[in-house]
Every structure is written in C-alpha cells, then in structure tokens.
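Notes follow the structure.
Letters A, B, C and D mark the chains as written, and numbering starts fresh at 1 in each.
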Amino acid sequence: MFRKILVANRGEIALRIVRAARELGIATVVVYSDIDRDSLAVQLADEACCVGARAASKSYLNIPNIISAALITGADAIHPGYGFLAESAFFAEVCAAHGIKFIGPSPEAISRLGDKAEAKRTMMKAGLPVIPGTDGVISDIEEALGFARDVGYPVIVKAAGGGGGKGMRVARNETELKKAAKFAEAEARAAFGTAALYVEKFIEHPRHVEVQVVADEKGNCIYLGERDCSLQRKHQKITEEAPSPVVSSQLREKMGRAAVKGAMAAGYTNVGTMEFLLDRAGNFYFMEMNTRIQVEHPVTEMITGVDLVKEQILIAAGEPLSLKQEDVYLRGHAIECRICAEDPYRGFMPSPGTIRELNLPGGPGIRIDTALYRGLTVPPDYDSLIAKLIAWGRDRNEAISRMQRALDELIIEGIATNIDLQREIVRSEKFRSATIYADDDVVELV
Amino acid sequence: MFRKILVANRGEIALRIVRAARELGIATVVVYSDIDRDSLAVQLADEACCVGARAASKSYLNIPNIISAALITGADAIHPGYGFLAESAFFAEVCAAHGIKFIGPSPEAISRLGDKAEAKRTMMKAGLPVIPGTDGVISDIEEALGFARDVGYPVIVKAAGGGGGKGMRVARNETELKKAAKFAEAEARAAFGTAALYVEKFIEHPRHVEVQVVADEKGNCIYLGERDCSLQRKHQKITEEAPSPVVSSQLREKMGRAAVKGAMAAGYTNVGTMEFLLDRAGNFYFMEMNTRIQVEHPVTEMITGVDLVKEQILIAAGEPLSLKQEDVYLRGHAIECRICAEDPYRGFMPSPGTIRELNLPGGPGIRIDTALYRGLTVPPDYDSLIAKLIAWGRDRNEAISRMQRALDELIIEGIATNIDLQREIVRSEKFRSATIYADDDVVELV
Amino acid sequence: MGLKEAKKDIKDLIRMLQGTDVSELDIETEGMRLRIRRLSGQERAANVVAPDRPVQYGMPPATGEAGAEPGYESVSPDAGRGAGKRIARENHVTITAPMVGTFYRAPSPDAPPYVEIGSIVEPGQPVCIIEAMKIMNEILSEVRGRVVEILVENAQPVEYGQVLFVVEKV
Amino acid sequence: MGLKEAKKDIKDLIRMLQGTDVSELDIETEGMRLRIRRLSGQERAANVVAPDRPVQYGMPPATGEAGAEPGYESVSPDAGRGAGKRIARENHVTITAPMVGTFYRAPSPDAPPYVEIGSIVEPGQPVCIIEAMKIMNEILSEVRGRVVEILVENAQPVEYGQVLFVVEKV
C-alpha cells in the first residue's frame, strides 16, 4: 500500500481524496496555489506544499513543481482528481518516469481514449454501438442520400472542420437532406474554408447516460450501474442522478456489459466512465470514455455503497477489485445538485467572494461534498463548483423530496449561487417526469 | 394523510421530525419554551408556538399548553419525539380526547409496556425469554439455594426495594450465595428499611442488543435488525452501532421473530424497540420495550434505508407498512457517536454556552443530525445531547475509519464537548474488537 | 480572577453601560482593576459605526414558508419580540398571555369587552379571556394603570408570553 | 498567564468591543495589565488602514498531524506567512523560492556557500541552488543588498514562494 499520496487538485475533490486516503490510513500531501493557502484540504491534509501562483498554469498545471513536491515530501503516488492534469497522458508518463504511481489508467489508455476518433474505432472494433455515420467525408449528395436510406431519417449533416453548431443541419426526409447539404456546404465554406461534409444518424431527444466501470490491474472489470446526466446547461452537467429513470434492468445489464467489453478492449484500468447517448427506443451509442473520477461519482456511491475514490487508490496500489459483478446491488435512488458560485440572474457570471454565512443541511439521506467554510474566500481563478449536494431515497420520489428539503436548508451567504435555480429544477414537472433531454437547455425549461 | 403535525419536542429530534414531515409534504408547528425561540427547528418549521417558560415542566411537559397549541394552529397530529411526553400514556389519551392523533402506540400499549413487571409478564406469556428469577421475594435461604441449583450459578441477590446497586450481591456458588444473602439482607434493611430479597440469574458481560420493530395499525409487524448499545457510561448509551458485531444472521432472525411476537402480543403499533440482554452463549433475555423513536434510530436507517420517522407518521395516518419482512435487507454497518455538551475532564459537567465556531464533517458515508448552528446558545435546562454523528461503511472497519476521520473534522467551539472522548473510544482496541459490555463503564476503559 | 474568566463580566458591564450616560467606569477588586471609558457624545456623533444592535443569530431566518399562513402573524415567534420593543418607554408595562389559547376581549359574544383603550385597570381585575382546551380562563391584571394599546384582535390565537396589552402606570 | 495564552482572550475582548461605544478598556489582573484603546470616529476617518476587513478564517487550523513530520516544518503552509511578518521592517526585502525543490547553499558539497549572512548581493548574482526533478537550478538575486537572514537550512525542501533570504537594501 502507498505510504503517502500527493493530491494534485483543489476544492471539494482534493478534500474528497484526503478523506479517502485518511480512511485507508494513508498520509496525504495537498499541493496548492498561493491563493488556496487557507483551503480546507490544505488544513485537513497531513502536509501541504505550495506549487505556484494562482493561475492554474503556474500551479495546478505546473508539472515540474508538482513532481518536485512529490519527491521532496516522499509521496509514492499522485491522485489527480478531475480537471487539471487528470487526463494528461504526459503527466501520467512523467509520474511513472519518477517512480511515482499515477492513480488512474495507464498513459497509453489515456491517449487511446483521449483521441475521440481513435476511441470510437476501438469501441467499434470491440462491438460497441456508435452513432452510424458516413465513412468520412461524403463525395456527393448521392452518397448522403444512400446513407440516409440505410440508417433511416432523421440524419444530421456536419462540417468536417466544424464545431459549435456551425455548419450543422438536421434533415427528416430526402428533400430536407438535399436542402440541408446545400446550406451546410455554404455555411461550412464560409466558416471553416472547406466544404467537406459528413452525415450521421441524428438522435432526437437523447439522454446522456454514462456507465461507471471499475477495472483492476489484474484483468478484472465490473460496472456499477449508470448515471443519468441529461440535465445540462450549455452542455455542462448541472443535476445528475442514479439510476437513470429511463433505464430498465435489462437495458442496464446490456449497457453495463458493453461498457465492460469496451473498457477491456481499450486496456483500461482504474475507475472510468463510458458515456452513451440513449435514444427513446432504447438504443445506445458510445460517445466517449472519461478516464478519471467524475464530479458526479457520489450518486453511484450512494446507490452501490462502493467508495470509488478508495477503489481508485486500492487499484493503483495493485489490489484486486473489492467486489465482484454479482455482489453489485443497487439500492434506492440518488440525485446530485451541483452548487456553483455563479449568478443565474446575471448570465451565470462567476461570483467569487467571501463566505459570510454557511448552513449545511443534514439528516437522513443527505450527503454534502464541499470544501467551503465560513470565512473562506472563493477565488475567481478556478471552476465555479463549490459544493455538491447529494440526496438519497428509497425511490426517486423520496430522493426528490429529500433534495427539496435539503436545498431549503442550504444557506450560503456572501456570494451569489445557483441554489434557487436548483430548487426550481428539482420541483419542476419536467424533472419529476424525467422528460428533460441532453439536447435541452435546462435553464430555458424551468 | 395529516395536514399539519405539531412537534412537541426540541433540539435535533424536533428538527428530525420537521425534516420528515416536510419530505412528506406535511406542514409543521414546532412548540418551544421561551429560551428556545431561536432554535433551528423553530426557524425551519412552517409555524412555531411558544408554550411556556424554560423549565421543561412549564413548557415541553405542559400538556394543556401543547394541546392548546395544536388546537389553535389546527394541527391534526402530534409527534412527541423522545423524552418529555413521548412515553406518557396520559398525554396520548389527552391527544385522543381532543381528536388529535398521537404519533406512537396506543395509550393502552404505552401503559402495558411502561410498567416493567407487567411488560415482563406479557412477554413471558408470549413465550419470550426473560431473565430467570425467584417468583417474587424469597422466604428463606433454602429457596434461594434451590433456585440457584435450578438455573445454575452465577446468580444475583437483589433487594426488593432496591436500586442504584445498593443491596445487590453476585454469588458464584453455594457458599457465596449464603454469604451474599446475609450481606444483602443487612444492606437492604439499612438502605430500604426492609429485608425482602429476590434472586435472579446473573448475566456476566452481557451485551445490550435491541431490536427495532415496526407495526402498522392493520396488524402487520416486522423487525428491522438490531442495534448494539453496549457502550455506556453510567447506564447512558454513548456510542451505538448496527448491526451488532456479535449477532449472527441466525440469531438476528431468532431475536427479530421474538421481538415481533412480543410486540404483537402487547398490541403494539408504530415503531418501538425491544431491549434484550445477550449473554456470551447467545442466549437473550427480554428487558423492556421502549414505546417511542429512539435517539440511536439513525444507525438502523443507515443499514436498512428505511426512514423510521416517516414510517411513524405514515403508520399513525393509517397507512400499511411501506415494506414487508422479506424486503428488509441490511447493507453494511453504521455507528453513531452522541456528541454532548459536557466536559469529560470535569466530571462530565454540562457545558451550556454559545457556539462560536462550527465545522460539520461531510463526504461519503457521513450523516449528521444536529440543530446546532454558529451563534446558537445551548441552554443549561435540557439534555446535553447536541449532535449525532453517524458513519456508514460497507463493513464495520470502514464505518470505524469513516467515524474516525469525521470526528477529526468535527469542530465545535465555545462550549466543552465529549468529541475527544468519542475519538478515544472509536480508536480504542476494545471498541475495535467489540469487547466492551453493557456492565462496563466505557470511560474507565479507554 | 484571570482574564479568561473575567471576560463575561466585562461583557455584562459593557452591556450595562449602553444606553446610560456613564462615560467612565473604574473598578478595583480582588487583585483586579478594570477601567472602561466610553465615547463622548461628540465623538459618537462623528462615529459612523452602526448603532449597537446586538447581532441576533448566526443563522438568518429560514427561507421557505415559515409564517406564511395568512392572518396568522400573531403567533409567530417574533410577535413577542416586536412588542417588547414597543414598550421600551418608561412607565409602560405589559400584560402577557400566561397560556396558549384563543384570546377573547369579552366574557361572551354579546357582552362588552372587559377593557378598552383608555380603561383604567386595577390589580386583580379581569382584562380578557384565554380559551384553552375549551376552558375559559379569565386573565387578571397584575398592575394598575391605563390601557394604551391592545395588541391582539378578538378571537385570535396567542402563544405563551405574547404581549396582549400595554398599560401606562398611573 | 503568558502572552501566548492571553492572545485568544484579547481577541475575544476586541471582538466584544466592536459595535459598542467603549473607547478605552484597561484591565489589571494576575500579573498582567491590558489596555485597549479604540479609534474615535475622526481618527478612523483619517485612517488609511484597509477598511474593516473581516476576520480571516472561520476555521481554525485543523487538528491532527498537520506539520508533525519531524524536521519538516519549513514546508508547512505557515512558513511563508510567518516569514512574511518578519520582513515587515522597512528596507528589508526577501528572496523567495520560485519553484518547489531542495535548497542548497553551495553549488557542490565541497564548494563554499554562495552567500553568508553579511554578504552583499547584486541583481543577477546566484544566491543558492534549488534542485527540482534532478536538475540544479541556480537562483539569482533580483535585488541589491546585504543578506541579514537565511531562513532555510542546507538540503532542506522548500515550497513555492517560501522565503529563503532576507536582504537589507543598501
């Protein structure tokens, strides 16, 4: 087992890792930027080491200083959390070169899955469904029409150089497809200087459903159910839940097995998340794999009882999985609300500042992951996530009513937050009926 | 369903009830003494009503004012919590006379079980094991010797008028019994003015194991596993856990079935607790039944997923049990540490005062039930329990390591607390090896 | 007595001085000397600091529906407090509810009220009825004076300690 | 009672005075004399000190083993802070660690230290080495002056921003 883990992150996830390590009896070193000197993770860790100035590029992304901190403190492993260096294959390699265990998958697996196209090829080869598309750029409209005949409408025309919705057009029949291709071509030429297009099957009102996989370094891999992260604002997850309210146990098993097959095909180890789009007919398509612990991991922990961060550490230390697939048993339902230092009434502007008053909810079924304390100054330099409020219930209704009452108890003063927005989401009819989709913007709905 | 519940209690349990009612969509009225005006339960309830001066006899035990408060606010049910009026058959009767539903068992069941002798007779009749004893006062030493021959040594000689350990003597053989009877008789005569003695089988190093039963008003009754409350200081529970580390699943079923049988024989409804002494050979003996929600109920909630306070409300409203015996599934292990405003270094003197700083632990597996907030003044008038810290783990070891790290995170400033004592208990070898018994005083052990 | 133990007493003394015209306090006792000097009037006028309102709660009142019941403000926990301020004037005393119940100004619906604004009350004189658990309890004045304010409407619920009447001592 | 133990009580007393009109407090007790004088309104208006900045931390430092590693205090989060205070004197500037690593006073084990107390340093002159990831980084002074304090022992680890030298400008 590790003697000492360096935590290369900040905020709630740094504290989360310190807690897991402490429960395993492993010492921790938390690195911090000079503005995070008073953070709760720094205060609760066994040791702390300042690795640079407040700009993330000078501190939390400063690989030489972080590696030096590990070397001088004698840390034998580094946990990268999420964000920052968590999905840097290069950082994982540097760790290895210095004899420090990177708590995550191998650099090769990170590279393979970090490249979207290669990840898709790997998963196709492993037999996972991916969204059907033309094999690269189409040469003429006939090819597009032929493809659409094969997979069925609707389809979406996309610019090869594209992004941000530019040069994208949905078509529901032949006439629309011809028109869409013309429009998209013109738009793409204007925006990206090339008329190259490809066509994909269009998934209407998809749900974002992701499967949690856990793989040890001995060849064992299991799945821990799924999370539904369809609730998004501008493609940012905001409220997550597990299990998905639209996934049956049959579908769960099917998706879980696919995820395990894909992870094993990619040579994946440690915890990871296979993201799928799920259509209304119950078809699911591989999107990408996240090679790290995720922000929303607590909802999976609440229904499975498995501590995913401890599992990460144990796997990295060479331990076999702490449970088998047949031991996985989902109990109840969990919802997570991300509490952010941002002002929903002023265009979600970040609202850094000093926490003047804080009341955290408690009681049955409530978990809160936060590094806030009264008097802490939330700096403007980093992500606006300041707390994760998680509610568990025997069923989805109980989880929702718990979340409502916990949101009513939560008080954060001194900065603007999205607590009211979360209240509105949780009590909205659309959330209760689980009819918010990944292509909706939740703010426009509630 | 009830429209409005009056909460006739204070502190963490009043807040606990407000939370449960809110999750069920039921309005609450919290009554309070004039010194509890700023309590969190008062602030979070829908309504509040002052029912008297700070002395409990003038407020929380003031039946006319509490009933009046229910009548003027239109509450159709009263939840008594624990302590105060929770086990008053008279109060339950007054509620009924005013058409207010008392959330608990019937007045008859409270009376029957509140009288220790009658409770014991009821349970014996139902076939539950009770500690063997002479049938009332012994007439001479021969009767005592005969009894001891029948049940086996050790036995304990007790004064009929007794209490507080006075007039009690343990005997391990005939010679000791003769001597003990003589001593006890003299001591009893001096202390209680009567020489009347009776003899009981003596249970050495017993564990205090209690079974949670839940019975609806339609004749269904189930058990939700047991709690082990062997850790006591001067017969006060201090650290509890579920399941008991010494109860096998066979024994659990045996005790559970006995508890259900006893509860049904007593005509019991609502949630209740059957307290047993468990000896080292696995024999258990009925002690008494608590006819209310208990302080340590959260450990049962953590491993069963059942919200006992909600269950109380639903049962009182005439609903059937929300689950069947075969649906009860225990997951993992939970420990509760009672955090009290008392100073272990000054003879556990109560330490009322103002909370100057407060940091509550969070993260996976941690639940905290408290009505504390920074700035609250803890009055000297009531029980010293100010918070319950509960840790859940997949197994007992994980629960212990979580509790340890949570205790390290818990900060309460401004008053003395027993947090350090709880730290010592949880890390002690005796606690880890589950070798602390109900006849030990935990303070002398750790 | 050490500094630590003295703190509470010092606090009490400071509180005691607030609102008085004492400008300096000098105590010598049991191995301890304490001197408190206060701002003069002019100094105070120049001072921008907020008036000495004691900070009430670490917690602000809960959001949510607390006290949202229409027509029911009188049984809110603040009722007593608010009223408490009103009687800060000298010579004014209050009559408070000694029990929880429904307040009636008259012994029966047809009868005239026990007291009106301007009525002179004597100790032992009934001033209202509080109905609790269907029993009519006559509430007697403990003071002598002129009723200057009646704070609760007829047939309204009252909680323990709630101010019912303000009486000017005469 | 020593100063150290009294600090908390003094802090409490100061907090207690905020919002009151007490201008001066003078206590003599058990071998200790304490006098707190507060700014009057005018004085405060004229004062350039940062506007009543709120107390910094709601949370005291964690209990537990933080910084308990023997011989390792220098990389505790307080190192910077403590040192920061020390250089409050005018004319004194600091040279801090621009990276994390191991501090060496000399270019090699046999060589003499780059600087000693009393040495005069010029901008651009090497003052120490910080070894990071097996690379020896020469740290250059950015100031001119006389070294008055060396805060880190040879071969000790340093964190980013940690004060290494105090230099008196000359």
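FYI, a contact is a pair of C-beta atoms (placed from the backbone, for glycine too) under 8 Å apart; a residue touches a chain by one contact, two chains touch by 3 or more.
These numbers were taken from a predicted model, which means no experiment stands behind them.
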Touching subunit A and also subunit C, the following chains: B, D
Distance-maximising chain from subunit B - centres being C-alpha averages: D
Between subunit C and subunit D, centroid-to-centroid distance (C-alpha), Å: 51
Distance from subunit D to subunit A - Cα centre to Cα centre, in angstrom: 40
Contacts with two or more other chains, residues of subunit B listed in rising order: 44, 359, 373-374, 408-409
Where subunit D touches two or more other chains at once, by residue number: 58-59, 62, 64
Complex interface listing, subunit B residues touching subunit A: 15-16, 19-20, 22-25, 44, 298, 301, 305-307, 322, 329, 331-332, 359-360, 362-370, 373-374, 394, 398, 401-402, 404-405, 408-409
Partner subunit A, residues of subunit D touching it in the complex: 54-59, 61-62, 64-69, 72, 75-77, 80-81, 99-102, 132-133, 157, 159-162
Subunit D to subunit C touching residues, read off their complex: 1, 6, 9-10, 12-13, 16-17, 19-30, 32, 34, 40-42, 44-45
Subunit A - residues contacting subunit D, complex: 27, 32, 34, 37-38, 40, 42-53, 59, 64-69, 71-73, 98, 354-356, 358, 373-376
Complex contact set, residues of subunit C against subunit D: 1-4, 6-7, 10-11, 14, 17-18, 31-39, 43-50, 52-55
